[in-house]
Amino acid sequence: MVSHYLFLSIILFCLGILGVVSRRNVFIVFMSIELMLNAANLGFVSLSRLHVNMDGHVLALMVMAVAAAEAALALAVIILLHKHKGNLDTNIFSLLKG
Amino acid sequence: MQDIMAILPLVATITGAILVMLAAAFESFRKEGISILGIGLFAFAFFVQLTVENGPPIAPYETMFNGMLVTSTFTKVAGLIILGCGFFSALASQTYFNQNEGFVLEHYCMMLFAASGMLLLTMAAELITLFIALEIMSLAIYTLIAADRRSVLRSEAVLKYLMLGAFAGAFFVMGSVFIYAGAQSTKFADIGRVIGESGFLTNPALVGGSLLIVVALLFKAAAFPFHAWVVDVYDGAPVPVTGFMATAVKTAVFAVFANFLVINGQLQEGWVSYLFYISVLTMFVGNLIAIGQNSLKRMLAASGIVHSGYLIIALVAINSEQFTGSTILFYLAAYAVSTLGIFAALSYLGGEGEKRHSFDDFNGLAKVRPYSAACIAIFLLSMAGIPPTAGFMGKFYIIAGAFKGGYITLGALGIVSSILSMWYYLRLIIAMYFREPEEDFEVGELTLAPLGTFVLALAVFAISFIPVAI
Amino acid sequence: MITTYLFFGFALLAVLGALGLIIFKHPMNGAMSFVVTLISLAGLYALLSAKLIFAIQLIVYAGAIMSLILFIIMFLNIQEKDLPLDPNRWFYLAGGIVVVAPIAGLLIKISKSLPATEVTVFEDGFGGVKEVGQLLFTQWLLPFEIVSILLLVALVGAVVLAGKRGVN
Amino acid sequence: MTHTVTYLGFIPLLPLAGALLIGLIYVVTCQGKQISERLYGILGCVGPVLSFFMAVKVFFALLSLPAEQRFLSHKAFTWFAVGDLDVSMGFLADPLSSLMLLFVTFVGSLIHIYSIGYMAGDQKFGKFFAYLNLFLGSMLILVLGDGPVVMFVGWEGVGLCSYLLISFWSEDTDNVVAGNKAFIVNRIGDLGFVLGMAFLFWGIGADGFDYLSLKANAHNLTAPVGVLVCLLLFVGATGKSAQIPLYVWLPDAMAGPTPVSALIHAATMVTAGVYMVARFSFIYAHVPAAGEVVAWIGILTALLAAIFGMFQSDIKKILAYSTVSQLGYMFAGVGVAAYSAGIFHVFTHAFFKALLFLGAGSVIIALHHQQDIWKMGGLRSKLPVTYWTMLIGGLALAGCPPFAGFISKDEILYSALANGHVGIWLIGVLVAGITAYYTFRMIFVVFHGSPRDQEAYDHAHESPRVMLIPLLILAAGSMFAGYANIPAIFGGHQRVSHWLAPSLVEHHPHSGVGLEILAIAASILAFVIGISIAYRKFTVQVDEPDYSGIKKFAYHKFYVDELYHKVIVAPYQFVGKAISRVIEPYVTDAPVQASGWLYRMCGLAFKVVQVGYVRIYAVYMVIGVSILSLLLSRSLNF
Amino acid sequence: MFENFLSIMIFVPIIAGLAIFVLPFSKEAARIIGLAVSVIVVLLGLKVFLSFSGASGAFEFVEHIPINESLGISYSLGVDGISILVLAAAATLFPMVYLLFQTKQKGYYANLLIVQGAMIGAVAATDMVLFYVFWEAMLLPVFFMIGLYGGPNRLPATIKITIYTIAGSLLMLASIVYLGIAHQAQSGEWSFAMTNLVGLSLSGATATLAFVGFMIAFAIKIPLFPFHTWLPDAYTEAPTATTFVLSAVMAKIGVYGVIRFVVPVFDESFARYALILACSGVIGMMYCGIAALAQKDFKRMLAFSSASHMGIIALGIFCMNIQALTGTLYQIVAHATSTGVLFLLLGIIEERTATRNIDDFGGLAARAPIFAFFFAVAMLASVGLPGTSGFIGEFLIILGAVKFNPLIAVLAGTTLIIGVCYMLWLFQRIFFEKPNSKLAGFGDLSAIEILTILPIVILIVVMGIYPQPFLAKIEPSAQRQMAIIEKVQHVAEYRLEPQKSGQELKTGDR
């Protein structure tokens, strides 16, 4: 059943949200976001199957490309952050507040 | 031919960006040259955009691009605002980096890339195109923020922006999934057709999908409760970049937001009641954040949240049958002019390393630099909506639009919010004019930013005379 | 029938991998567990007749992107002591579940409303390289083009942010 | 019916012009070289005297007309006209106003002349004459004004001038306070006047707001409004004419120079109230109830003031209370609808009260501004002219036949009796006795016996001629003014009453001769008793008695001033302080301050919310999405 | 010759003010420019005043340039009987300021010029949006004048007046927009022109809210109790010329606004709430009047006094009859002159002695008789003595109030008493009593000062003695307003009954 794929997609998406919300390590947060994108991709592909329409595949492709671009920049930022503090705890980056 | 014309500004911008990128690779090009090149390219793109013929909405390269782009007067004017913002931000950058470190040669290239992303954003008529445009814009802006690698504040700002931006992006993609589920397509035209055929509220997938997309757009627009990043990111970014973000990004996001909402009247109607509350909360929360700030940049960021609230009022009051978006664009222009003006002024008044940043640092500015202070006062008054500035007319049109749409309460609350906002705008004017200067800052030689400030100050008045129909 | 079992198998693996990602303390473990998810997703794509995506998922995602991530994790040489303690993690997790539940509820409710279709693997060219490629370079030309700009921006951005060039 | 004569306007204008001229000269010269007092004196007296001659001219002009046509008017210009309201700056000379005009200008002129001597050597000589002229001019506007609004101009004008003159010696705080009191108390009355006018206008004023139009429409006034108008106007009168409860300013007004007191008490100001009631007789005649109130207030004031007068030691205060008391008579008169009697008493009173004040002034000057009668004594020989003239004045005041005061007062008392107000009559007779007592208490203590302050006595000398001549003229007036209105019982023709008849709406009682004889006999008896008690007590050498018990209470004027201070002034000031120190900052302004404070506090709260942790921001977002999802899944039905 | 006097009167001062700001003029040059411009404006104002006939009650000197045709916003100006006196006050009172006070910076003169232009604009505007623009523009120079050149506690006062008045005017903005919408809904076209908006039929809760929006804005500006709390601080801390501008003209524009906009447009709501508003006026009069007595600072006392008088002036509008309305319009100028002179004279004292404490004074009448004389005339006008300008208006207002509601009238009448209480006390403490040795050097007014103030003092007297020419210009327009209100008088059912029967009786007689 396609809806099962969608359920899985939703579950992964929500797990991604949980990862973002509950973790302080920049890597984990970043990978959780990647997880959410993957969940969406699963959605696209399964819906593509549902509609028998390959647009979903293209969409998933695009999302992967974006994810790759994002990953490149995110990793650069991570390196930058690590250079500053030697640590990747998001909570130590809270100089800007109030 | 019309097709070429329609996306010519986009082409110009992208080409310009690549040009600057290449130029940056040559050691012979130094800061000044690159700056002039960047500014010139923005000006060029602006004039290209200006000369593009406007008419009824057209889809350039419809066969080739499959109707994924749409241009209209709305996108044209939005593009003009964006490129104008880029131009003045570039002016501000030139001066800013005269006295601040952390300049990278790719600065203007990134600005142009961001601008091209924004232009795409305004024209996008398909969800994934929109997403990619959004990401082009965002990635460029991330780079702009954190270009000064030695500053931990910049890195922190980019961390927050990147993480939350990507998070919101994920929501957007998930939203697209559901839209795709409901409409079998991600093109606005198809979505509109599906809604027209089967209704919006009867199609759960569309409702859910639009929820996630709206969330992502609200995040970019800094609406409550997706606003928290704004203050910190604006604070952490270099002044000209903050100005660019506060104006150009907002313009692009609201343009695409409006485009998305007017896909079909039912879609907009379905969201009105939620946007209603969101706009109210956004305005008031923004005010409450702003009142507590001591740093000027943070205050301006928070006031940006408030202005998003006003713009959401305009979105609520959109008449999707005869959408012109003139109210939104006018407000955006008015807001952009005054905000850019302040940031342009800040970029040369800030001194070395943005030493002048808190309200107290501006004490007695009017005695030291009367013209700058007068310009800043004009910008603040415009943001506060005091006539005869553009900000006043913008607010007037928004309130009028809200009333006309029957949202009397919303309009009235908008008024209340602007009363509240007087408080912190006045605070800066009071600091500049009525307090004694404590410490004199050395400010670098006069360069382009003061000129930009002055032009913008004039624009504040000039824009208010542009007639707008509601 | 086999597809159903495969689906549940991959689904279980994917969820477990995701859980591992958000629970393992060390990012290395998380990344490895995430790779499991990515690979199971690739399996699912195959079940959905998305041949090209299946391949790309394995090659680009599980292969390239994850390698990059792993490389960076190891490059930064993250030690146990560098990791945030985060005693509130479980609290956030529990709270997060509560908060996320309505979102999941809504989305699941919505997906239930979609027409129920059995997933059978298409034997024809559905999802094949040629078919998807044709689609990509005709109808989806524009996104394809602008993705190139996106990648360019990412490239330049990464260079600016992490490059070795001296700051002007 | 009315004849237009333009020179009417000049009667008030002349003193006003004089005031302006003198004022200008004074203001210009006061800082540098002063011009001579003689010039000021001449300038000051020209206006009043000319006005007097014109008043005489008016009188004869009226006399030449048939009785029912005796109305001369002059409309100078439309003052203000809005909607139905049409107020002209107009003047009306009819028998009533011409009578007032005559004695006001006459007595006023005399006081002016007298002042030349009295104020000699004063630094602010010129200013004084400017004020005096202004005062007289205002009074003439009051008398001549055609319509209540124009009357009000003079009405307020005299109030202002009384303020200026009472606080004339402004270095002394007491004088200024007395002036303030006069103005403020008068203003309370004026409020009544204004409101009365307003009600009158809305009642019958739409067809013209001058006396003749009002008189023609008076029958249209409904009863409740009529009563309201009468009472409100009377409130005005109590203020101006010092009746209960607003009499308190008049005794304090003695702080001003003595000619001012004379002017206030005799010719101008205080008589205005009586004149006004008589002027509005066409309304009062329609509402007897209001008249009753007026009469009772008047007679009670007469009694109260007489009681106060018995115990005063300041010569001017004694006279002041006597004025209040006599004014009470006048109001009793107009209250019982004997308007001509009331006006006639005003007329005679002007002479003897001016005389008494000017005489008192002469004594005061002689003793170098000593006003305490218990520091005087035996001045008869030193100041013979003053003594004899004051004696005449005293006899007139006390109601000794055949002096002026007797005739006019008796007329009032008789009218009261004849109109059935026995109570008023009885009190009136009692007051007559008391009046005789305190008048002669004063005269005996001041002029008889032996000096109490030998040094002052030795330096005392008779006043200059410029002061004495007015005294003599007034003395003659006090003796013979009464003959103008001798009642029929003495073979007279009541000329004044007949003269006034066209202006007034009154019904002369026709009661028996017996009643009239009774009234006369009672008055004479009261006078005799009063004067004999005074003679027994005060011709012998007495010093200031130490009052105790009820006498002390009366000596302190029943503590009415103190009561007013406690009940009205102090609470008023307290409220003022309370408003500005407590209510304004903590009540009225509190919502404003509180909202500002609350706003800033909320701002601080939001500073806490902006924690700076990216994870928390993500939590906010998720919560937002979550709430939206909840709402959405509620509202979606599928 | 040119015809657009009003535009010139508005923009010449504004442009001159901006020029002073921008160009490097010296302080003295700025003063001379200010003086010259204000004299030009006076001449133009006199020209307008004298050639204004007012007989028809319609707008004269009309100018009209559309700005946004689709929304019906236009630059339209005009003068009628309602505005002529306010305009005259705004146009003519300013030269005094330049002549009397010289020790300020040049920005001060620039602000004065701008505020004058804006005020004239607010009075002359016949388009609501334009009015709003000038209305707000009026505030800014005041904000800067108080904040830059005010007393030691100027900052809180500045913030308070600014936030308070802007809050009010933003509410008015909402109402203005609402009116435009209502016009669009009723006639199909947007319009913000007064002449069009008068014809709207507004009823229902929203209209009432719009009415409240307008009323709050004007109530704050006037100020009506309990919105007056900004006033004492602002008037006290502001430099004298600003206080003069605030009290003599700006507060009057609030009153003018009510008459011009609220009365004809929101006739029904206005009639319904007139009693409450009248009470507010009366309470404010008494409250501020009583508070004035307790002040130690003479400027603050005068501030309260001004607020007290504004209560009465405002009352005149709410009485809804021609006498009271005309009285109000007349009193606007009368009070402008009297209170203006008082503030100027006290300002001179403050400049010379550098103190505002009443206790520091005494005996000035002897030292400065001309000064005392001028002060006395203004004071008497302020307490409404007949023969001065103050009487006519106050009398008409009280007269009208009696018709409206006798109780209100009685309370309103107490202004006669309350006014003299504090005024006489002030006069006593400053001009009478023993001369204070600290004031030994206090001389009389200089020739320039005398010549500056004398015209106003003469005006006070002339307006008291011969007001008819002024009233004749006002009345036709006031009648027009009343004609509108009379149609809806039925909603106000608290008029004096006896009078009504009296009137009926009279007509029965005819």
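Should a chain be cited, it is by its letter among A, B, C, D and E, assigned in written order, with residues numbered from 1 in that chain.
What we mean here is this: contacts are C-beta pairs under 8 Å (C-beta built on N, C-alpha and C of every residue); 3 or more make two chains touch, one makes a residue touch a chain.
If you're wondering where the values come from, they're calculated on a predicted model, not measured in any experiment.
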item	value
Centre-most chain, if every chain is reduced to its averaged C-alpha atoms	E
D-E against B-E, pair bridged by the larger set of C-beta contacts	D-E
Remotest chain, subunit D as reference, centres from CA atoms	C
Distance between chain centroids, defined by C-alpha means - subunit A, subunit D (Å)	96
Centre-of-Cα separation between subunit C and subunit A, whole angstrom	7
Subunit A-subunit E separation of Cα centroids, rounded to whole Å	65
Geometric centre distance via CA averages, subunit B-subunit A, whole Å	26
Of all residues in subunit D, the ones touching two or more other chains	607, 610, 612, 614-615, 618-619, 622-623, 625, 629, 632, 638
Subunit A residues counted as touching two or more neighbouring chains	6, 13, 16-17, 20-24, 29-30, 50, 55, 62, 66, 69-70, 73, 77, 80, 90-91, 93-98
Residues within subunit E bordering two or more other chains	163
Interchain contacts, given as pairs of chains that touch	A-B, A-C, A-D, B-C, B-D, B-E, C-D, D-E
Touching residues (chain side subunit B, partner subunit E) in the complex	374, 381, 384-388, 392, 395-396, 399-400, 403-404, 408, 411-412, 415, 418-419, 422-423, 426, 430, 433-434, 465, 467-470
Touching residues (chain side subunit C, partner subunit A) in the complex	7, 11, 14-15, 18-19, 21-22, 27, 30-31, 34, 37-38, 41, 44-45, 48-50, 52-53, 56-57, 60-61, 64-65, 68-69, 72-73, 75-76, 78, 82-84, 86, 89-90, 92-93, 95-97, 99-100, 103-104, 107-108, 111-112, 114-119, 126-127, 131-132, 135-136, 139-140, 143-144, 147, 150-151, 153-155, 157-158, 161-162
Subunit C residues within the subunit D interface of the complex	92, 95-96, 99-103, 105-107, 109, 113
Subunit A contact footprint on subunit B (complex, rising order)	128, 131-132, 135, 139, 142-143, 146, 149, 152-153, 155-160, 162-163, 166-167, 169-171, 173-174, 176-178, 180-181, 184-186, 231-233, 235-236, 292-293, 298
Parts of subunit A lying in touch with subunit D, wherever the complex brings them together	17, 20-24, 29, 90-91, 93-98
